[in-house]
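The following pair of complexes shares a single chain, chain A, combined with chain B in the former and chain C in the latter.
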Partner chain A sequence: MSNTGFSFPVIHDAIDIMTPFLLAGIGGLVTELSGMLNIALEGLILLGAFFSVIFASITGSLFLGLLFGVITTMFIAFIFGAITIYLKANEFITAIAVNLLATGLTAVISFHFFGTKGNLVFDNFARLPVFDLPALDSIPIIGDIFLGHNIIVYAGWLLVFVFWFVLYKTPYGLRLRGVGLNFKAMSALGLNPKKYRLEAIVISGFTCALAGASLSLNIGAYVPNISSGRGWIALVVIYLGGRTPLGILIASFIFALAESFSNYAQGFINIPADFILAFPYIITVVALVLVSAIKKRQQKIS
Partner chain B sequence: MKDSRNCSTVQLSGVLVTLAAAAVVVIVSIFILSKTPFSTIYYFFIGPFANKYYLGNMLNSVVPLIFTGLGISFAFKASMFNLGGEGQVYAGGFIAASVALLIPSLPGVIGIFLSLLVAAVCGALIAGLSGFFKMKWNTDELITSFLISNALIYTIDFFITGPMDDPTNNLLATRKIASQYHLLRIFPPSSLNISVIIAILAVIFSFWILFKTNHGYELRLSGLNSEFARYGGINIGKYIFLPMLWSGAFNALAGAVSVLGTTHCCIKGFSNGVGWNGIAVALIARNNPAAVVPAALFFAFIEAGANSAMINADVTIEIASIVKAVIFFLITSRVIYNSFRRKALV
Partner chain C sequence: MQTCLEMRNICKTYSINGRTVNKNVDLTVRKGEIHALLGENGAGKTTLMNILYGIIHPDSGEIFINGKKVFIDSPLTANRSGIGMVHQHFRLIDDFTVAQNVVLGMEPRHGLFKFDNTKAEKDVLSVINKNGFKLEPNAKISDLSVGQMQQVEIVKMLYRKADLLILDEPTSVLTEHEIQNLFIRLKKLVKTGKTVIIITHKLKEVKRLSDRLTVLRSGKVVGVRNTADVDESEISRLMVGRTVALKPIKVETEIKEEALKLENVVLKKRRQERPILDNLSFKVFKGEILGIAAVAGNGLSELENLLGGMVRITSGRLLINGQDVTNEGAAVFRRAGLSYVPSDRLKRGSSIESSVRENIILTNHHRFVKKTGEIDSSAADEFSSKLIDNFNIDADPSTRTGTLSGGNIQKVILSRELEHIDGLVVFAEPTWGLDIASSEYIYKKIIEVKSEGAAVVIISSNIEEIINLSDRIIVMHSGEIVCETKNTEDIDAAVIGDYMLGLKNDFSKVTNER
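And now, the complex of A and B:
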C-alpha cells in the first residue's frame, strides 16, 4: 500500500502497519505484568480477524461485526485463561492450543459455511471508516502522517493512553502488577490473584481481537494466516519496549517502519516475496538478542 | 510420590482422560459438521485400518512423530522450550535432499548416512543457536526458536520454489534424489520403510542417554531444579545449550527420514504441523522416550483418521487441529492429574 497522495508514504504506511503490533502488544503487556507470558497473541489476532469479518457479513454491519468478533475472541481467551489458571495447566502449552485452535477452527468454519478454506471476500458491509480532519490537512507533515488512517488506528493510540492510566494510576492496575510481582503475597493480602490473571488474559483477547479486526475489516476479507506472525512480533515488541505502554508504542513504530520501508523498497529492488515474509522474523530475532545482550552487559557492570 | 507404580498410574489416568475428551470432541464436531455423521465417524476411526495402503501409511507417519517427540522430550527434560520444531523438521528434510542431490552417485548406505548426518548436525546447530543465546545472554529460547524457525521456513520456501525447483514437475519441490538413497519400502503398496527401524533405534538410544548415562542424569537434574544442580557442581549453562542440540538434531532427522523414505524430494511445506505434533507427543509421553512410541501412534491415528474422513466424507482435515487443540488444552492440567492422585493415595 503506497499512498502516493502522501508525501511521507513510508511513515504514513508505518502508522497503519504498527496498529496490530501496538494493540496486541498492550494486551500482551497486561498479561505480562500479571506474571504470564502470553504466546497466544498470534492465535487471538487470527480469531479476531476471522470472526469480526464473518459477523460483519452475517449482520451486514461493520459495527456489529466488530462487536461480535471481539466478544467471540474474548470468550475463547476466557476459556484459555480459565483452563490455564483454574485447571492449573502450563500456560505455554495452552497458548499453543489457542494458536492451533485458531487455524483449525477458522478453516473448519470457513469450509463448512463457505465451502472454501481459501480467501473469503465480502462486499455487503462498509469498510472501516477513515478519519480525516480537513482543518488539519493543510498542516504540512502532521496532516500527511497522522491523518487518513482507519478508526482502529486511532482507537489503538487511545487505548495506549487508557492502559497506561489504568495500569499505573489506578488501584486496579497496582494490584494487577502486584500479582505479577508476587502472586502469593497478593493472595495473603486477601486479593484473588487468579481472578486478576484471568481478567488480564481476557483483556489481551480484547486488544488482539481489535488488532485482527483492523487487518480483516480494513480489506473486507479474511485471508488464511492473515495474522502472519504479528502476535509473535508483538511479544518481542513488549520486551523491546521495556514492558511499558510508551515503550511498546515506540517499539511497534520502529518495527512497522522497517516493514513499511521494505515494502517501499520492493518498488525499486526486486526482492523475492519469501524473503519479505522472512524479514520480520529475522529482525525481531536480531533485535531480541541484541537487547538481551545489552541488558546482560549492563547487569554485569552494575 | 513414594510408590513409583502408583505415580505412573496417575500419569496414565490423566493422559487417558485427556485423550477421552479429545475423542468426545471429534464425535461432537462430526455430528455438528457432517450431514452423514455415522459414516463420517466410521471413516475417521476405522478408515486408517481399512487396507494395507492406509495402515502402512499411518504407521509410516508415526516415524517423524517419534523423532520430533524425542526431540521435544530432550528439551522438556531440561526445562527448555523448543518451539522451533516446524522449521527444524523442514530444514532437516531440505538439507537431506540437498546433500543427496549434491552427491548423486555414492553407494546408497554412505549417501543415506551422510544425508542424515548433515541434516542432524544442521538441525542441532539451528536449535542450538537458541540455546546459545539463552546460555550467553538469557534470551528467551521459546521465542527465538520460534522466530528462527519461521524465518527458515520462508527462506527454504524460496529455495524450493526458486533456484532448486524441479522444472519437469508441477509439484513445488526439489528434484528427486537418486534411487539408491531411497529407504527400503517394507510394506507395499504403502510408503512404510526401514526408517521405522531407525526410529526404534533412536528411541532406545534416547532412553539410554537420558536414563543410563551421567550426561542424561545431569541433564534431567538441571531440568528438575537448576539451583540444586548448580550446587551439586553441574555446569548448568551446558545443560541449557546441549539439550537444544539434541532437540534440533532429532527434529531434523524427522524431516530427513520423510524425504529419504517417503517423498524422495523436498516438497514445499511438507513438514507442516509435524513440529507442533512433536510437542503434543512429548507431552502425552511425559517426556519418556519409551512412551513416545504409543503417543506418536495415537497422533498418527488422529491425522490418518481426519485424512480418511476428508477423503471419504464431508469434513475437512483441519478437524484434526481442533482435536489437537483439546489435547494441548488439557494435557498439562495439574488439576486433572491431582484428582487421580488423591484417589490413588486412598
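And now, the complex of A and C:
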C-alpha cells in the first residue's frame, strides 16, 4: 500500500504498519505487568486475523466479523490462561501450544470449509473504513500523516491511552501491577491474584485479536502466516519500550518506520533486497544492545 | 476481662502426608492483652493462626469473635471480622509506596474509576500518626529498613480496622533496637483497646512482652499460663516436653597454635569507594571459640562469604593453618583445613533436591568412587547411615533433604562438615530459625568441636548466642572491627549491642591517628 498522495509516505505507511505491534504490545504489557511472559502473542494475532475474516464472510458484516473474531480469540486466550494459571501448566509450554494451535487450527478449518490451505479471499463484506480525524487535519505540514488510516489504527491510539489510565490511575491497575511485583503479597490480602493474571491473558487476547483483524480485514483476505512474526516483534517492543504504554508506542513506531523504509528502499536503492528486508531486524538487535548499554550506565550512576 | 477471641476444638490434618498439626486446640484470648502463642517448630502454632486468618481451612472446630460465631474462609473475611496478620516474611510490594501498599484492595477512589493517591496518603498518614508510628506515606518500600517494613505491615492491618493483630515471629528479622521500639508500640496499641497475638519461640521476649501465654506441642495445647506466674525454664519445659539447658556449659580448653589469620583484609565492590570489609585483622587459635557479631548489613555476610572462600578480597592476606590461601577459593580453603556450616542451609549448605546420603557424602564423594567410575552406593549408604545415627538425624539415607525440618537439615550439614575436622570450623548463623531443642543440640556440638581441639568461628547476628558460646568476641560495624574483647562473666549484652549499632568504637580511626 503506497499512499503517494501524502507528503511523507514512508511515515504515513509506518503509522499503518505499527498498529499490530502497538496493539499486541500493550496487550502483552498487561500480562507482563501481571508477572507473566506471554509468548503466545504471535498465535493470538494469527487467530484474530483468521476468525475475524471468516466470521465477516459468514455474516457478511465487517462489524460482526470483527466482534466474533475478537470474542473467539479471547475465548481461546481464556482457555490458555485457565490451563496455565489454574492447572499450573508451564506458561511457556502452553504458549507454544497456542502458537502451534493457531497455525494448525486455521489450516484445518480453512481446508475443511473452503477446500484450501492457502489464501482465502472474500468480497462479500466491506473493507475497514478509513477515517480522517478532523482535529489532526489542522496540524501544519505533518498533519496529513495522521489522516486516511483505518479505524483500528485510531482505536489503537485510543487503547494506548485507555491502558495507560487503567494500569497507572485506577485501583484495578494498582492491583494488577501488584500481582506482578509480589504475588504472595496479594494472596495474603485475599485479593485472588490468579484472577488478575487470567484477566490479563484474556485482555492480551483482545488486543491481539484486534491486531490480527487489522491485518486481515484491511485486505479482506486471510493469508497463511499473515502475522509473520509480528507477535515476536511485539515482545521486543514491550522491553524496548521500557514496559510502559508510551514506550511501546515509540518503540513500535521505530520498528514500523524501519519496515516502511525497507518497503520503499527496495524500489530505488541498489542493495540486495534481502539486506533491505532484514533492516527491521537489524534495528531490533541494535536497539536491544543500545537499551541494555544505557541501562547499565544508569545503574553505574546510581 | 472480656474475651476477644475463642477458638474451640480446632483440628487439622494435612491430606498430603496425613500429618495432624492441630488436635482439638482451644485458644482463648482476652480483649486488650498481648497473648504469646508458643511452641517448637512444627508444633502447629502457625497453622492455627493461618486457620484464624482464613489461609488454611480447618477440618473441624469453631471460632468466636467477641462471643459471636464467625466463619473465616479468606483473609478478606478475617479482615472483616477485625483480624489482621503480619507474616514473618513480609508481604510488601517493593516498587509501591507505603500508602499504596497499605490501601491495596481497599483503595480510595476519585469518582468511579480513578485511584485517589492523595487521599490514600492522607488516610494512611492519619493511621500512622494515631498509632505512633514513624513512616512517610509516599516513601518507597525498597528504601525502608526492615523495621520500617514491619511497621508498614502493622499499619496495613490497622487501616483495615483490625482489632486483633497476629504477629508471626515478629522479632526474627529485627535488631535489638528495633525490637524495643516494636514492643513499645505494641504495648501502646493494646492500651487503645487492640488485642495482640504474638507467635514466637524466644522466651526472653515472651517474658518482656506478653500478659498470658498458650503453649503448643505436637499440635496440642499443653499449657495456658499468666506470664507473670511462670519462669523461662518452665516455659521451655512445656515447649520441649523435657528439661533443657538454655545456656550451654562452657568448657575450658587449652589454647594451641593459630588456625585462621586475617591480615588487613579489605573487600571493595567494583566502582565503590567505601569498602564492605575495612582492614580486618584477627587470629583464631585452636581450642577457642571466636564469636563475630554485627547487625545485618554491616559486613557479616561478606565476612561469611570470605571465610567460606566465596569472594575475592581487594587486598590483605588470609591464612588457614599457616598456609596462605588468599583468594584461592573454597576448594583450597577446605584442603587447608576449613569446615564450613553456612547460614543459608537451603541454598548453600545443602542441595534440597538431593537425598540425605548425597548431601552427606558431598565433600567426600571421591572416597566412594569405584574403579569403574561409578559411586559405590552400598559404601555411601553405610557411611551416611553411620552419620545419621551419630547425629540423631530423623531421616533415612534416601530421604529427600528438602522434606526435612530446618533442624534436621542443619544436622545433615553438621554431620558432613564435622565428620572430618582439620583445625578450623566456621559456623554462620548456626541456629537461625531453629527451635529450642535443635539449638540446644547445635550448641552442644559447637562446644564439643572446640573441646576436641579445633578453632571455631561463629558468625552471628544473635548476641545471646555469641555471648553464651564464645571465648572471645569481635563486633563489627559498617565493615570495621569496633570491639574485640575476652568474653567474661560480667560482659553486658547491652554494651555489645551499643557496639553493634555503632554507638561505641574502640578502634576509632581518629584516636588511633593521634
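By definition in this document, the second predicted complex is superposed on the first by the 267 of 302 C-alpha atoms of A that agree within 3 Å, B and C clash if a C-alpha of one lies under 4 Å from a C-alpha of the other, contacts with A are read in each partner's own complex, and residues count from 1 in each chain.
The working rule: a contact is a pair of C-beta atoms (placed from the backbone, for glycine too) under 8 Å apart; a residue touches a chain by one contact, two chains touch by 3 or more.
Bear in mind the structure is a predicted one, so any value in this text is a computation, not a measurement.
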When the two structures are overlaid on chain A, which partner does A:Leu181 contact: first (chain B), second (chain C), both, or neither?
second
If you stack the two complexes on chain A, which partner ends up touching A:Lys117: first (chain B), second (chain C), both, or neither?
first
I want to verify the contact counts: of chain B and chain C, which reaches more residues of chain A?
B
Go through the superposed model and pick first if A:Gly229 touches only chain B, second if only chain C, both, or neither.
first
Which holds for A:Leu128: it touches chain B only (first), chain C only (second), both, or neither?
neither
Which parts of chain A are in contact with chain B and also with chain C?
none
For the complex, which residues does chain B have touching chain A?
29, 33, 81, 83, 133, 136-140, 142-144, 146-148, 150-155, 157-158, 161-162, 276, 279, 283, 315-316, 318-322, 324-336
Which residues of chain A touch chain B in their complex?
37, 39, 79-80, 83, 86-90, 92-94, 96-98, 100-101, 103-105, 107-108, 111-112, 117, 229, 232, 235-236, 239, 272, 274-275, 277-278, 281-282, 284-285, 288-289, 292-293, 295-296
In their shared complex, at which residues does chain C touch chain A?
54-55, 74-79, 85, 87, 91-96, 100-101, 104-105, 107, 109, 113-115, 271
What does chain A use to touch chain C in their complex?
169-171, 173-175, 177-178, 181-182, 184-191, 300
